[in-house]
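You will see chain A twice below: alongside chain B first, and alongside chain C after that.
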Partner chain A sequence: MWRYIVKRVLQSVPVFVGITLIAFILMDIVPGSAVTMMMDPRTAQMSPEVEARLIAHYGLDDPMPIRYGKFLLNAVRGDLGFSLRFNQPVTRIVMERLPPTALLATSAGIFATLLGLAFGIMASLHRGKLIDAISMIGAMVGASMPVFWFGLLLMLFFSVRLGWLPPSGWGSGDVRYLLMPATALGYGFAAVIARVTRSSMLEVLGMDYIVTARSKGLGGRVVIYKHALKNAMIPVVTVIGGQVGRLLSGAVLTETVFAWPGLGRLLVDSVLMRDLPTVQGCLVFIAAVFVAVNLVTDLMYAYLDPRVRFQ
Partner chain B sequence: MKTPSQLQSRDMVDPRAPIPELKRRGNVARFLSSWSAGIGAAIVIALVLVAIFAPLLAPHNPYEADALTDAFRAPGGSFPLGTDVLGRCILSRIIYGTRISLTVGLVVQGISVLLGVTLGVVAGYWEGFVDDVVSNLTNIMFGFPHLLFALAVVTVLGPGLYNIFIALGLAGWPMIARLVRGQTLSVKRKEYVEAARAAGCTDFFVIVRHILPQCLSPVLVMATMGMAAAILAEAGLSFLGLGAQPPAPSWGSMIARGRDYIWDSPWMTTFPGVAIFVTVLGFNLLGDGLRDFLDPRL
Partner chain C sequence: MNRRLFALLTVFAISILMILVVACGGPDLDDADGDTAPGEEQLLVRDAPYGDPENLDPIVRGRMGAMAVTMNLFDGLVVHDSETAAIRPAIAHDWDISSDGKVYTFHLRDDATFHNGRAITAEDFVSSFERLSDPANASPLAHYLDGVIGKTEFEEGHADSIQGLVVIDDHTLEIHREEPDSTFLSLLAFPAAGVVPREVVEEKGSDFGHDPVGSGPFRFSSWVKDDRVELVAFDDYYRGRAELDRVVFRVISEAATKEAEFLAGNLDAFIAPASIYRKYRDDPEYQDNLIEVAEFFTRHVGFHCEQEPFDDVRVRQAFNYAIDKETIIDVVLGGKGVPAVGYLPSSSFAFDPDLEGYSYDPDRAKELLAEAGYEDGFETPMMTSEHPEWGLPIVEAIMPYLNEVGIRLQPETMDTGVLYDRLRAGDYSTYIYSTGGSAHPVAYLWRFHSTLASTTNRYWSEELDELLDRARATSDEDEMVELVREAEAMIVRDAPIWFFHYNKAITMHADHVLGLKAMPVDMALQDLWSVSLEP
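Right, the complex of A and B next:
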C-alpha cells in the first residue's frame, strides 16, 4: 500500500507543474504588460519611464522561463503573487475567500452524496418500479438543469414568493443562508451519483457471490449492505472524485447567483477586472485542490479495491 | 470464438448486396422505441427546425422594440412570454437564441472531436514519445475543471462568442483523446490489423479503414453528451457576462439581465432557463439513447 501511495503522489507532481505552467503561459500571452493592464487609458496615463521602473521593480523584464521558475517556486511556498487591484498579496485574498467556498462546496457535496446514494440504491432495489422511474427522471432533470437557473428558481420561490429564506449573502455561515446555494449546487452532483450508484448496484446484484450469499440464507439487508454495497461503491467513489471539478465550476456560478463571497466570485470579478495575478492565483489554488482531491480519491479507490494497489 | 461454419456463413453474404429495407427500418424503430432516445431525438429535431425557421416563427424582431410602450410587459397578448427591460419580445429572443446555442454545441464539439480524435489516434498508434506527450497533456487538462479553463482563456482573449468556441473546444478534447487512444491501442493489436499491415497497407490506410470506424460510435455518444455540456457551459459563461455580448439573444445573458428584476418580472429569467433546460435535456437523452443502442453492454 505504501508503495502505491508514494507512486501515486509522485504522479500528481507533473500534473500540478503542468497546471501552473498553463496558468502562467495563458496569463503571460495577454497583450500589454501587467503594469499597463491595470491602467485604464481613458482615465490615467503612465509615462514610459514610470512603466519601465515598475516593470523592473516587479521583475517583469526577466526571460519567461526565469519568471515561470520564480512563479512556481513562490507558489509552492504559498506565495501566489501580488494583486495591484487589492494592493494585497493574492494568497491573503484567496485565504479570506476560502471559508465561504469551502462551506458551500462541502455542504453541497455531502447533500449530494446522501441524496444520490439513497435514490441510487432505492432505484436499483426496485428496478422498473415507480421509485426507480422517479429517481432516474429526477437525475436526468438534475443533470440538464443549469445550476444558476435552478438557484434563481429557488430564490424566486423561497425568498420572493414565500419569504422563508434570505435571498443572498452568506450570513457568516448561518444555515438559513446556506440552504438554497447548497441545494442548487448539490442537485446536479446528486444526479450523477444516483445514476452511477444505480447502475453499479445493478451490476453487483447480478453477480454470482450475491446469489450464493442469498442462497445460503442470508437476509436481504445483510446481502445488500455488507456484500453488494461495499463493492458497488468502488466506481461511485471514482465518480465523486472526478465530479469535484464540476462542483468547483458550479460554485463559481452559484456564488454569483447568491452573492456568496467566495473564491468563485473572486475569480469571476478578477476576470472581468482583468486582475491577472488574482486570476492566476485562484486558478492555481483551485487546480491544486482538485489535484489533491483526485489523489485522495485514488487512494480511497486503492483501499476499497485491493486489485488496484497490487498491479 | 466463432466456429468455422459461422464464419463461413457470414462470409457468404455479398457485402455489396443492398441492406434489406426491413432490417434498416428495424434498427431505427429499435432506436426510437427506447423512450429516452425518442424524446431526445424529437427535442433535437424540433430545435434544429426552430433555429432554421426562426425568422418565420418569431412574432417580433428580437433586437428592436419600443422601450417606452413595451418594456416590462407580463406574458400575454402579442407578447406570449412577455418583454424584457428594453421591451424586446422574450419569445422571439428565445427563438433566435436557439441558433446561438446549437452553433455553440456544433462548433465546440467539432473542435473537440477533431483535436481529440487526431491526438488520440496518433498517441495510441505510434505510442512512445508522442504518446507520453499527449497522455501527460491529457492528464494536466483533466486537472482543470472545464469552466475554469474556459475562464482563463476568456481572460486572455477577452469575452465574446468566438472566444467561447475556442475556450470550450480546447477544454473538451482530452476526454475524447483518452477514449480514442484506448480504443486505438486495443484495435491495433487485433489480428486483422496485423494482416492489413502484413499485406502492405500504409499506416494512414490502416487508421482510416480499420481504427477510426471502431472509434465512431463511442465518439458519437461522447460528442452528443458533449454538446449538452458545451451548451450548458456557454449559458453559464454568458450568464457571467463573459460569453455572447449584447444585443445577441444568448439564453444565458438573457437570464443575467433579467436577474435584477426577478422580484417583479420573473418571466425574464424563467423562460430562457426553460429553453436551456429543454435543449440540454434533449441532447442528454439522445446521447443516453445512442449509448444504449450502440453499446448494449453499458
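Right, the complex of A and C next:
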C-alpha cells in the first residue's frame, strides 16, 4: 500500500505543473494588469514612466516562458514568489488563510457527512413514510438553494432577528462564528449525500444476500449496519470525494457572505487584481487538497470492498 | 460498518474540529464585536471601505481602501479639510509661498513625534520624500514630487538627494520647484506624502507595510488579512490624544452583510451602497443616521473623441440630451447620485453654480444627430463592468432612451481591470466608468489636458490646455477658480463624456457615533481623530 501511495503522490507532480502552467497562460492572456491596479484605477493618473518602472520592478517585463521557469525553480524550493497585492511572500499569505479555510471546509464536510448519512439511512429504512418525504424534500431544497442566499437568510434570522450569533467574521476560531457559515456551506453537500445514501441503501437492501441474512435469523441492526451499509457506502464515498471540490468552490461564496478570511476570497480578489503569484499559491494549495482527497477516497474503496487491491 | 466504527469516526471528527479550533487560537479580541459597555472604552468598529487595505506602507499603493486606514496612521505637512477639501495645517503649522510660487517654506511644529517617540524634524520629511521618489521603491505615487528641482536627477541616479528639498533648521523646510503649481499642496495632503521614521523603515524593509509606524492620531495595533485592522490611539499625538481609544476596520465585502452587522449593533459606521440607501433615508428611525456628500467621483459615459461617430461634437451633445438622468438616478440608484452638470463635482469650491448643463430633450438630440448626418442613427459598442452604480444596470437603463433617438448600444461586459486597460489603450468606442479622487479642482480636470488625454477620452484642445496650464501656474486662488470655471464650461460645451452623476456617498452610522464628516474627496477618507462616541 505504501508503494501505491508514493506512486500516487509522484503522479500528482504533472497535475501541479499543469495547473500552474494553465493559470500562468490564462492570466497572461487576460487583459488588465496588476500594475495599473496598484493605483486606484478610478484616479486614472498613472504616468507611463511610473508604469514602466513598476513593471520592471516586479519582474513583469520578462517573456512568459522565462517567468514561468523562474516560478517553477523557486516553487521546488518552497518559494511561491512575492504577492503583488500585499508585497509579502505568497507562502506566508496563503498560510495565514489556511486555518480559517480548513476549519470551515472540515466542519462543513463533517456536518454534511453526518447529517447526510443519518437522513439518507433513515429515509431508506422508512421508504414512503413521512420521514422519507421530509428528508427528501429537505434534500431537494438543500441541493437547489444557492449558498449565498441561504447564508443571508441564516444571518437575518439568527443574528439580526434573534441576536443569537454574530453575523459575520471569523472571530479567530470562536465556534459561535463558525456555526452559520458551516451550516450554509454544508447543507447543499448534506443534501447530495443523503440522496445518494438513500438510493444506494435501497438498492443494496433489495439484494439477495440481505434476504439471506435476514432469513438466517440475523437481527435488523446487524443486517443494516454490517451487511447493507458497508456495501452501500461505495458510491457514497465516491460522491463525498468528488464533492470536496464543491466545498472549496462553495467556500468562495460562503466566505464572501460571512466575511470569512479564507483562501477562496483571497483567490477571487487576487484574480480581480491580477496578482498572479498569489493566484498560483492558492491554486497549488487547492490542488494539493484535491490530490489528497482523491487518494484518501481510493484508499477507502479498498477498506469498503476487499476485492479492490492496490497495484 | 458497525457501531464501534461509527463511534470512533465521530470521536475522530470531533477531535479534528477541536484541534483546529485550538490550533487557530481562541477568540483573541473578545469584545471586538462591539459588546463593550458604553463608557468603558471608546471603540469604533467601522467597515474597511473597498476591502482589505492590502498594504499599509503609504507609498506602496495608491488605492483609496489603503488610504482610508493610512490617513489615520501617517500625518504629513498639511491635510485636507474634512468637509471642504481645502488645505489645513498638520505637522506644518504654517507655510509661506514665495511671490513667484516656486518656493514653499514650511514651519514645522516642535511637538510632533513618531509613534516610537522620536521627535519629527525637517530632515525626516526630506528622507520620506526621497523614499517616495526613489525608483528602487517603485511607488505608483512617485509623481507627487514631480516639478521639484532635482527630482529627475535623483530618479535617474545622477544625484544622491533631491536638490530642491532644503532643510533650513530642525523645524523649517523649504521646497524649491521648477515651476509654480497650485495643485502641489493638495498632493502633499495625501498619506503618501506623510512622514515616516527612516530607522524603522530601514529595519523592517518590506514588512513596514504590515507593521507600520507613523505619526498620525492612531498607531497600528493588529491586522488579520481579509478580517480586520486595528488601530489604537497614540497618546502623545501633537493635536491631543484622539477621543477614540481603539478603531477596528472590519473587512466585509458583501453589502448585505454590512447591513446585518449594522442592524445587529456590531458595526458603528459603514459606507452604504445604492441598494439600501432609499430604505434608510425614508425611514424616520434612521434618516438622521445618514451622512451624504456629492463625492469627487464623476460617473460618466466616455466617448472616443477621435473616432467616428463621436469625433463629431454634435453626436456627443445629442447623447447628453437624449437621456433623462434624473429619472435613472431616481429609479435605478434609488436617489443615490447627484445629477452631474459638468465634470467637476458640485461639492468642489470651484464649482460654478451658474453653469448650465444638458437637460433631457430627445427632440434636440434627434436634430443634432440629423445635422451630423446620422438621421438613421448608428450602432455603437459600450464597455461596461457589472458595477451596480456605474455598470451594466445603468447601461440597460439608458439603452431605451438612446434607442429613441436612434443610438443603438451593444454592451460588452468585462471586469474593471480589463475596461481600464482598454480605455488607456484607446481600444473602445464608448465606456461607462467612474473617475475622480483628486482633491484639487485643477487636478480633477487634468484628465482633459493633452498630457493625459491620450489615455482617457482623446479629447483636448490648445485653448483648454492653456486655461488649465494657467490655472495650475497661478498662485492667486480667485484667478485659479475663474480659470477652472472657464475650462469646465468648455468641457461641458464639447461634451467628451455623458455627464451622468457625482456619486452621492453615504456613511451610515449608529446613534452614538459623533463627528463623522461629509468628506467630499472620498467618503472613506475619514479623519477619525475628531470622532467620538456618546457615552
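Here are a few things to note about the model shown:
The definition used in the following text is that the second predicted complex is superposed on the first by the 245 of 311 C-alpha atoms of A that agree within 3 Å, B and C clash if a C-alpha of one lies under 4 Å from a C-alpha of the other, contacts with A are read in each partner's own complex, and residues count from 1 in each chain.
What we mean here is this: contacts are C-beta pairs under 8 Å (C-beta built on N, C-alpha and C of every residue); 3 or more make two chains touch, one makes a residue touch a chain.
The structure displayed is predicted, hence computed values, not measured ones.
Of the two partner chains, neither chain B nor chain C is touched by A:T212. Of the two partner chains placed by superposition, only chain B is touched by A:W149; chain C is not.
Once chain A of one complex is fitted onto chain A of the other, the partner contacts of A:G18 are limited to chain B, with no touch recorded for chain C.
Looking at the shared chain after the overlay, A:V30 reaches both chain B and chain C. More chain A residues lie in contact with C than with the other chain of the pair chain B and chain C.
Once chain A of one complex is fitted onto chain A of the other, the partner contacts of A:G245 are limited to chain B, with no touch recorded for chain C. Legend: residue contacts after superposition of the two complexes on their common chain; A:N74 is shown touching neither chain B nor chain C. 30, 152, 155-156, 160, 256-257, 272, 274 are the residues of chain A that lie in the contact sets of both chain B and chain C, per the superposition on chain A.
Of all the residues in chain C, the ones that touch chain A in their complex are 1-3, 6, 10, 13, 16-17, 20-21, 23-29, 33, 51-52, 54-55, 57, 60-64, 135, 138-143, 206, 209-210, 224-228, 250-254, 256-257, 260-261, 263-264, 266, 297, 415-418, 420-422, 424, 433-438, 446-447, 452, 455-456. Across the interface of their complex, chain C is touched by residues 30-33, 35-48, 50, 53-54, 57-58, 85-88, 93, 96-97, 99-100, 102-103, 106-107, 110, 114, 152, 155-156, 159-160, 163, 166-175, 225-226, 229-230, 233, 256-259, 261-262, 265-266, 269, 272-274 of chain A. On chain B, the positions that touch chain A within their shared complex are 36, 136-137, 139-140, 142-148, 151-156, 228, 232, 235-236, 239-242, 252, 255, 259, 262-263, 266, 269-270, 273, 276-277, 280-281, 284-285, 288. Those residues of chain A that touch chain B in the shared complex are 14-16, 18-19, 22-23, 26-27, 29-30, 140-141, 143-149, 152-153, 155-156, 160, 245-246, 248-249, 252-253, 256-257, 267-268, 271-272, 274, 276, 279, 283, 286-287, 290-291, 294.
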